Amino acid sequence: MSILVGNDTRLLVQGITGREGSFHATQMVEYGTNVVAGVTPGKKGETVAGVPVFDTVEEAVRKTNPNTSIIYVPARFAPDAIYEAVDNGIELVICITEGVPVNDMVPVYHLVKQKGARLIGPNCPGLITPGEAKVGIMPGFIHEPGKVGLVSRSGTLTYEVVDALTKAGLGQSTAVGIGGDPVIGTSFVDVLELFQNDPDTEAIVMIGVIGGDDEETAATFIKEHVTKPMAGFIAGRTAPPGKRMGHAGAIISGGSGSAEEKIAALEAAGVRVADSPSKVPGLLRQAMNA
Amino acid sequence: MSILVGNDTRLLVQGITGREGSFHATQMVEYGTNVVAGVTPGKKGETVAGVPVFDTVEEAVRKTNPNTSIIYVPARFAPDAIYEAVDNGIELVICITEGVPVNDMVPVYHLVKQKGARLIGPNCPGLITPGEAKVGIMPGFIHEPGKVGLVSRSGTLTYEVVDALTKAGLGQSTAVGIGGDPVIGTSFVDVLELFQNDPDTEAIVMIGVIGGDDEETAATFIKEHVTKPMAGFIAGRTAPPGKRMGHAGAIISGGSGSAEEKIAALEAAGVRVADSPSKVPGLLRQAMNA
Amino acid sequence: MDVHEYQAAELLAKHGVPVNPGRVASTPDEAAAAASELGGTVAIKAQVHSGGRGKAGGIKLAHNPEEAKAAAEAILGMDIRGHTVNKVLVAKGADIVREFYLGVVLDRPNRKVLIMASAEGGVDIEEVARTTPEKIVRINADPALGFHSYQAKELGFALGLRADKVHGFAKIAEHLYTAFIKEDATLVEVNPLILTGAGEWLALDSKMSFDDNALYRHKDIEGLRDMAEENETELDARSSGISFVKLDGDIGCIVNGAGLAMATMDAVKLSGGEPANFLDVGGGASASQVAKAFSLVTSDPNVRAILINIFGGITRGDVVADGIREALSQVDVKVPIVVRLSGTNAEEGKKILAEAGLMAVDTMDEAAEQVVSAASGQAA
Amino acid sequence: MDVHEYQAAELLAKHGVPVNPGRVASTPDEAAAAASELGGTVAIKAQVHSGGRGKAGGIKLAHNPEEAKAAAEAILGMDIRGHTVNKVLVAKGADIVREFYLGVVLDRPNRKVLIMASAEGGVDIEEVARTTPEKIVRINADPALGFHSYQAKELGFALGLRADKVHGFAKIAEHLYTAFIKEDATLVEVNPLILTGAGEWLALDSKMSFDDNALYRHKDIEGLRDMAEENETELDARSSGISFVKLDGDIGCIVNGAGLAMATMDAVKLSGGEPANFLDVGGGASASQVAKAFSLVTSDPNVRAILINIFGGITRGDVVADGIREALSQVDVKVPIVVRLSGTNAEEGKKILAEAGLMAVDTMDEAAEQVVSAASGQAA
């Protein structure tokens, strides 16, 4: 077991013939992910890495029955692609695309909820259940199957921590990059709840960045609902207030959303917060042995 | 028992200080309906027929806990009033207002469903459970408590049939006017299902008019799900095609929606269809004794 | 409310739909001038609020200004299903390679807006719907979020369009949907939507109808109303809040409520008569309203008797009776009147009517029989 | 993207918000002319992308053109929180009876648009939010259907407005919401929104910020960008797809990924150094991208050492190493460079770097320590 993706995943790739889409579709197929179809309007009949391409999600769903979709289309088409996926009954949609206007995501977020589907992202690296399914853009080889669930708002920082975990002998059940935008489909709390309920996840790592208050909300949830050992890291302690640090979400404004506040909240909830990504595995082991 | 309204109804009147609203609020109070509050922005502190008036539905709900709302505001404000009611948790909303633009009603209809609420109307006379609650504009005195459920797309025609039923000694469990517009919140099928499941309703009368295919849809439902004896009437056998007969819904176009088709469909479903409103009670008695 | 083809085309062009260039002409000379301005072959098309123009000879091709003038001469003044042609559209001839149908309507059963398309364009779409419904592709717009781009593309692919044609088609479908919503239309239709020899999309014939209830927020569309196409009496009635539809019989009907008014017409027919009109006085039924109703009904020379059918609900019977009495003092009614009064304060109402020399009956069936007798010259 | 007060006011006026009349002036003489044109008392307001203008002396009243000139002289050229004042808004004096706050923002926790209002207007709203949050009324717009009229009225009643003032207030709230959505704003704020002695609503100070990701569909707003307010280096970086923020330290950072870039800055600090910048080269990290990053970092004279931290994911380590090597042949870098390379093809990358005379280390902590040492003059 694991969460969200695994051997049962039947993946659809939206935007599969684009530069990003075709590259990552190939990578995912090579990793062993069960990629059943791709969609690019007008490219029906082509194949990418052996995967058949369709004009519409409707046809792809009818012919190949995917349960998960990953989106690599340009930002201005991404909301439409998400609507297309969930309107056609896809239960789990991962939107890799970055640069999607925030106001576009507001109705998308609520429609996805209303349909009973789940969206991860946008502007995220995707997620991976090592050894079963890679649904994203992360380098697969740094991951090892194991018992640590990882959830992160950052991309490369996640790889950094995963790499450290793997090197420390701590494999992962599932690693989820939820994305750094102000409006994302799946929050820390959503993933923490899944890990808490997943029998194959024994410990949890959470990686946050400055801006917003998702980490604080997560801390409240952890205090009340998470019993598994946890370690974490928050990036951006040295970031100056009011400036956007790459992520649209990573702005500290009005004294809220600072790394200090997030770290304090998480520590108060029993999470061991490292001052460097390299120290996460050690703190997690401490928590697991405590 | 009965359906939708009765002794448990706690009624809010939206637009209570208007000419229509105040007149009908008074009528409803006199009938014995439990009218708990009214709303007209800016008229807080006033009373109508002893009913306290509030500025917003939010405040009226907080202070008087209504479960049903009836709307008498002008057409251009009616959709907003429906949103205000359902957003504030009202479960049953009756919109009397006529002349609401159809395209406005499309999102309203779906939001109401989504919220798990029920809308009756717009452009309807409302509904009544004789002896318990009158929630509408019908003349109360023509009704008698009894066992006949009545559902109708027309206003005065309903009174005509109710009057005939009462004079024939057939009292009513509940009489529901669903309204004649192209997009209405509650259809024949919805009400028929409620009557079929209502232990206090022993027979059902359905009154249709030309236009649309709600009667045909109802006939299909009746065939499959309604076991109680039924009689009906369809107005507009002499109406020429393509002309709007008062009701926005009453246009026959492209050969569909004619009275003949509706009558044939209902008769095929076992409904005894009268050629005059006055003959409905006789046919209903036949059906009840069959 | 309906508008003419050329008006619909102008509105759709504003929303980004590529429409065929054309000029409106009210005289044969104007048509000739338009044909010469546009150059080449043109189509001369009757502008009337009616279908079946082609079959009725209301559309003709002309290869030069002289032919255009002749065609316009033939079409102007023509009667098409009861509509007189006062204007023609002179439209540039198009190089038609394929014809499609594209329309936006309300999908009543689903309470959603429906976008429909068919590769069988240029013909009667209702005929296609009846005989080969599988040739029509239907997609519902999301009721809250609208018509998504992916749905417009889906429509194009479902028609079997080549990928390089789908984008242009989808854009037009999106524009039609936007026009439907923004203009509060009840129908937006392009038939045919064509692909030209140059591979371009072109809306060759546009149709729009509008929701009367929403015209208050579209003064510009209200301004497109062609008074020549409207029944003057019906417009006059509407301005008084009365719904009136002229029919061919001889029994004038004055009723409160649309459903009851239709039932009354049915009752007249059942009694062997023919209703002269549909008339719903609406909720109020004040004296002035009833007087107006009398004048509307009696303006029809065919009317030989009048049936007033009022079910007093909120409208009290005595008030209606007062209204009838007063109205009769204002309007000179020369034909027999049968009144049926029931419901609230019916007895009081009947007393007032009796004082005014009118007898009122209790039931609709009785009233219908009496009025039919009266119309055929027998005692009321 | 931020715009000036006067630009925000112009945009809001287009959406129907009643804004205070004003003129923009770049010189004291222009300010005097504007004051004389407007007549009476005027406010001279610094136009800078910064809060706290009032406290900094950036807003002055003037009772005649001479005073306006003097005020503009004092304000133009002023430095407000690091922003130089190049323009002033000369605004007509208003007869303030009551001051309100009205704003539209994204409510992140609820993923909805939030409309906020307070009867405590004219002051720092974040201060009100901290100290007396109950004085701010908050209503979420429906995510699909928008901000309903009833909600706007609810807001007005919740502020305790008299019924005759609610309608006007509600209209303005609806207009602000519409502006927020239609212009893809991230913030729309009027503070204060005033009631004048004549009982009229007037937006006295307007503020708007926009979503950079949505500017592609708002060329007009992109055109409002005040280049004088932008950090040239940051703009330059953005045009290459690089996120760059100038900081005060002496350790230049080049990193792939925003989160990792922040973590790298934190590591530098933890090792006793001070980062000179935040820099995310993005996903590609091609030679030209890396070269651009080098030139951005080295353009800062404070930089005494550079830390390159790349976690090879999709970006392969050998490609990045090639990029660094090529970049170094194009850009003359005079300070020590510490490279940390990990992940995909890290070993191959290190080999390439070694050939180019650069040593790469394995961990971020190690790299941070080395670069801090290098910057303080010790061996890298």
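Order of writing sets the labels: A, B, C and D. Residues in every chain begin at 1.
Keep this in mind: a contact is a pair of C-beta atoms (placed from the backbone, for glycine too) under 8 Å apart; a residue touches a chain by one contact, two chains touch by 3 or more.
Worth saying up front: this structure is predicted, and the values here are computed from it rather than measured.
Engineer: Averaged over CA atoms, how far is the centre of chain A from the centre of chain D? Could you give it in whole Å?
Structural biologist: Result: the chain centres lie 27 Å from each other.
Engineer: Let me have the rounded angstrom distance from the C-alpha centre of chain C over to the C-alpha centre of chain D, please.
Structural biologist: 55
Engineer: Two-or-more-chain contact residues of chain C, please, as numbers and ranges.
Structural biologist: Expected reply: 144-145.
Engineer: Which positions in chain A touch two or more other chains at once?
Structural biologist: Residue numbers touching two or more other chains: 107, 111.
Engineer: Report the topology of the inter-chain touch graph, choosing from line, ring, star, complete and other.
Structural biologist: other
Engineer: Provide the full list of chain pairs in touch.
Structural biologist: A-C, A-D, B-C, B-D, C-D
Engineer: In the complex formed with chain C, which residues of chain A make contact?
Structural biologist: 41-44, 55-59, 77, 80-81, 83-84, 87, 107, 111
Engineer: Quick one: in the complex, what on chain B touches chain C?
Structural biologist: Touch list, chain B to chain C: 23-24, 27, 75-76, 99-107, 109-111, 125, 137-139, 141-142, 152-160, 163, 180, 182-183, 207, 209-210, 212-214, 217, 233, 235-240, 243-250, 254-255, 259, 275-278.
Engineer: Under the stated contact criterion, what part of chain C meets chain A in this complex?
Structural biologist: 142, 144-145, 148-150, 153-154, 157, 163-164, 166
Engineer: Residue numbers of chain D touching chain A in their complex, please.
Structural biologist: 106, 108-109, 111-113, 126, 129-130, 143-144, 180-181, 184, 186, 211, 213-214, 216-217, 243, 245, 247, 255-263, 265-270, 275, 278, 280, 311-314, 342-344, 363-365
Engineer: Once bound in the complex, which stretches of chain C touch chain D?
Structural biologist: Counting only chain C, the residues touching chain D are 144-145.
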